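Here the chain labels run A, B, C and D in written order, and each chain numbers its own residues starting at 1.
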Amino acid sequence: MKPKETAEHYILSSSPHTHANASVSRIMLDVIIALLPTTAAGIWFFGMRAVFVIATCVSAALVTEALCRMAMKRESTVGDLSAVLTGLLLALNLPSSIPLHLAAIGSVFAIAVAKQVFGGLGMNPFNPALAGRAFMLISFTGPMTTWYKPCADAVTTPTPLAAMKPLFHASSVSSPTPHAAEALGQIPSVWNMLIGNMPGCIGEVSAIALATGGAYLLWRKVITWHIPAAFIATAFVYSLIAGGAPAYAQILTGGIMIGAIFMATDYVTSPITATGKLIFGFGCGLLCMLIRQFGSYPEGCSFAILIMNALAPLINRWTQPKPFGAK
Amino acid sequence: MKVIKSQFEFKGGVHPDYNKELARDQAIENLPVPEELAISMSQHLGAPAKCIVKAGDWVERGQVIGEKAGFISVLVRASASGRVKAVEKRLGPAGGKADCVILDTAAERPADVPAPSAGPVLAPLDWRTASKEDLLKRVEEAGICGMGGAGFPTAVKLNPPPAKRCEYLILNGAECEPYLTADYRVMLERAPRIRLGVEIMRKMLGGPAVRIAIEANKPEAILAMEKAFADIEGNVQIVVLPVLYPQGSEKHQIYATVKRIVPEPPALPIDVGCVVENVGTAAAIADAVELGEPLLSRVTTVSGDAVANPKNIQAPSGTKYADLVKFCGGEKVPPAKVISGGTMMGFAVSTLEIGTTKTTSGLLLLSRKKVFQYSSHPCINCGRCLRACPMNLNPALISKAVDANDIKAAEDAHVMDCIECGACSFGCPAYRTITQSCRRAKNSIRARIAAEKAKAAAAQAKQ
Amino acid sequence: MMIAISVIAGIGLVAAAVLAAADRYLSVKEDPRIGMVTAALPGANCGGCGFPGCDGYARALVAGTAPNGACAAGGEACAKAIAKILGVEAAATEKRVALVKCCGTRSEAIRVGDYNGICDCNVAASTAGGDKGCTYGCLGYGACANVCPKGAISIRDGLAKVDKRLCIGCGKCVAVCPKKLIELVPASATIHVLCNNPDKGPAVRKVCGVGCMGCHLCEKNSGGKEAGHFTFQGFLAKVNYENPPVDGQIVAKCPAKCMAEDPHFESGH
Amino acid sequence: MIFVGAVLVNNFVLSRFLGCCPFLGVSKKLDTALGMSGAVVFVMTVASAVTWCLDHWLLAPHGLGYIHTLAFILVIASLVQFIDIAMKRFLPPLHAALGIFLPLITTNCAVLGAAEINCKQGSGFFESVFFSFSAAVGFGFALVIFSGIREKLEHADPPRCFRGIALALVTGGLLSLAFMGFSGLVKLPY
């Protein structure tokens, strides 16, 4: 008794009926492309260990993502590349000496606890890769702070940051005490800091590679300048005022570059408004330097960003744009 | 008369694919009156006209078949002679139902009805000697409403309250919607009519300065208007706007031309001394006054990659979409989506049996490969919608609030300021239905306000 | 030891005396119903209602700014007690339940478009009138189910169905439906016309296999016009719920198959 | 220094895990969280002043230190009730803003915790009051941040088993993880 339907239906949807053809996976792909120089630099300086760490993190992230979605009986989101990106970012924030099973645990924590528990991409209040890293730093402090010298296997060394920390409290840099002079001697040359020939996490050493990636993201309009600029500028001005190691060394060592360009700009966990982004970047820079100067950890970048992640909803709320024409 | 470049770019906006080349160079063609017309009583913004004919009646071309039903309303005339087949409620493109007169134009003229004399429907007026009231009355009885898309009754707009003075008459020739070229063709082919319309409107508004706003991607239209307005007196300028969607939005055009900002609703452009009229409306006013020809037909662009020969067609109101498509040589490929209007703000329709109205600026037939699918993926907070929003809202927040059924949060985020231009959804990488969410929030807020009003009125009646 | 006990007791006494005095001399008179409602609430101060504690919720209830029934801990009994205090259910009338007047399931009623957008009837209806061929019929996007405070409505096979036992007749679904096809009917009525399309028979048939054609057979079979069990709007039969039909025979005899005996869907609660 | 230490480093909720009940209970909306924070700051400051006096003038001189927990509970509970009544009478607007949160604080362990810590440290009157005030501000700070996140999570779509309080606990854990970064920022005896 059913009436006959016409074979072809038109699609009914609300306007607009045209699209810029942007997509989430394309954005993620862009960030991964932007990370390629950094990854390459990391592999160049830390060798096959870096390759293993990256491979472990990425594959663990992918498997966890797939399993979580299956357990939740939801559509698989492996294709949107966000899990690959989380795995990659986590790997780049680990020392090359990290035991692989710890890297995998960090990756699983990042995806399962910091992301999928909240419902997946777009819902997580904290940057998954950073949450994974902070979790590892607190749980496995030893392996997380063992650094290998670049281009040399299994020679442990302190990072420039650890060396620079006491400088904050040295009386004067121009006429250094013997202790401070020794610390100053451990700061790599500017050239080595730029290309990344210094101890540190796989992805945080090469400032040139990171800046190249940042330029690509800006060109592709994936990120805006607000967060990286505010972050780096705040950290720079802070170290100028606080003294200690040269300000450029504070910027070029440790996680500030990768943090400002790749971690703090994570869409989901940073404010959406331009003003909010500036405040966010400022907060990140300030907290990062405070922890570097006074905290018990040598590096504060991850924690600074995580804390600002927590504040992002409030910043968003208090920086709502004013409508065109509103008083 | 000067041609100047707009110095004031509004914040936000997007650059969709314009696809205007499909129909840009097609001269306006007249469509022979089709055999059946479906003339809606709701062709404009405001209360639908009250239908005053019934099935079986014979109506003449130009005869009033729908009376004005309120202050914000417009009368409807028959766009051709014929016999009324039926008066029934039909769906319009926007989804609402309205009375529709189904006219059989092929019916034979009854023996007892003499053919009308071959004169104009209304007596021509000399606009130079006619009073302002006469001119307003003419605009009203010619059934003219804004032809840009919203369809606001023109007679109401041209008659601002005495306390408010009109300083600028802005002629909207931006046509920022993709695909559409109707206004462009009118500017090229009917520039003298537009000029006449402008002069009439100027008289009605007490001689304001005139700004003609055209987007920079229509150099020929700018030339044509420059030529037509070459010897006009007074403060008249052509303002060349940067190519940016939604440049045709009233508020943004006012900002781009005279740098005035219309406050939040319920403020209107007249509150900042501006009146914005579409170029097509200006031509229609010239026809109504000088020729005595009411608004019975309009230029509609039929375009899209599924149409055999895209065209700009002068078609009587009530022409069914199917007849327009037939006139363009039919479908090239089966369309996946049919849109009444442009791709940014038009309405998708489910059938070609709908009749055109005074506001149908375009009919687009898109093949599957031009159509994208919305999804319900979560927002990743990328902020593209925020940067694209010309009203400087936070569409991401509104859309998330509506998803969570939190209309109050959407209202706090100023959703009522949304102009539904679609810029937010256009760039959303998660393909979210942001514009639709805004619409949903606006509709529920309006419904709530109406319910509260009704409640208050009932309470008052009780007392 | 004795000192300790006496000190604690002393502190307790002093505190009690101060509080008693404060209560006596400083307390403010307020709506006595607040106290009654607070007493009716479980006092768990769980915050589940969205208010800071039971007292806050009670105040909001008395002020009329909060909906009754938001207390999950107290449940229905609590809601009833509060309603009694607030005098909401003063007028005792026959229980009315919502009825969705459409039976055009996906297999019976045609679709005219592929809707792609927000899953909500009001939004779908404003997109070219919705994707259902019958412009009077249930779109099945669940606007009613979403507003139902008791979860009594579910969408089955593209149609909204009401669980008669859960429905409290609040009428929220009636207000929200864009097609205005939900009606509150007496819970005791058993025979219903499940169609909302007043168009002529052939027009209805074009879009739906189970639409009312206005053939008046139901009226004839239930004792004719004089019996007054049905009224007609256009070509649509409507049950006169002041005087509902009782004979189940007429349902089977409806040629359009748009009638049903007790169509309320029963969920397996 | 006390202030920074109590607000960031040894945050009552996030590193001492005191006052978790209102932290989870009243953090659904930012407005209520702000109200609660205000109330806690007020009560904790006043309560620490009263308990300090009690401890120093009544309990300690009589060698009754071992019953101070009991005494504090009693005093704090009655104090809060008294403030509630008095405020309703004399400061109705403030009561409208804070009053509804006051009963919730009656048995808040954070208030008692602050008094206990002061007692154990043997710090002076002003130091005690200021420490309590800072600790309360830290509590409010955490509460406000947390409510901001939870408002955002209202729009999230977590798996069924994690909805509501479970997700709030996970979020609280992650927030606490982030606050670990402050450790060592200020070297305090507390």
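Observations on the model:
As a convention for this text, a contact is a pair of C-beta atoms (placed from the backbone, for glycine too) under 8 Å apart; a residue touches a chain by one contact, two chains touch by 3 or more.
Here the structure is a predicted model, which is why all the values come from computation and not from measurement.
The greater number of contacting C-beta pairs, out of the two interfaces A-B and A-D, is seen for A-B. Averaging Cα coordinates per chain places chain A and chain C 50 Å apart.
If you average the Cα atoms of chain A and of chain D, the two centres end up 33 Å apart. For the pair chain B and chain D, the distance between mean C-alpha positions equals 60 Å.
Taken residue by residue, chain D touches two or more other chains at 156-157, whereas all remaining positions touch fewer. In chain A, the residues that touch at least two other chains are 9-14, 119-120, 122-123.
Along chain C, residues 112-113, 116-118, 123, 126-128, 130-131 each make contact with two or more other chains. Taken together, the touching pairs cover every possible pairing of the chains.
Partner chain B is touched in their complex by these residues of chain A: 8-24, 26-27, 119-123, 224, 267-270, 272-273, 316, 320-327. Against chain D, the residues of chain B that register as touching in their complex are 378, 400-401, 403-404, 406. Across the complex, chain A is touched by residues 107-108, 110-118, 123-124, 126-128, 130-131, 133, 205-210, 257 of chain C. Residue ranges on chain C touching chain B, taken from their complex, read 112-113, 116-120, 122-123, 125-131, 135, 146, 175.
Residue ranges of chain D in contact with chain B, taken from their complex: 154-157.
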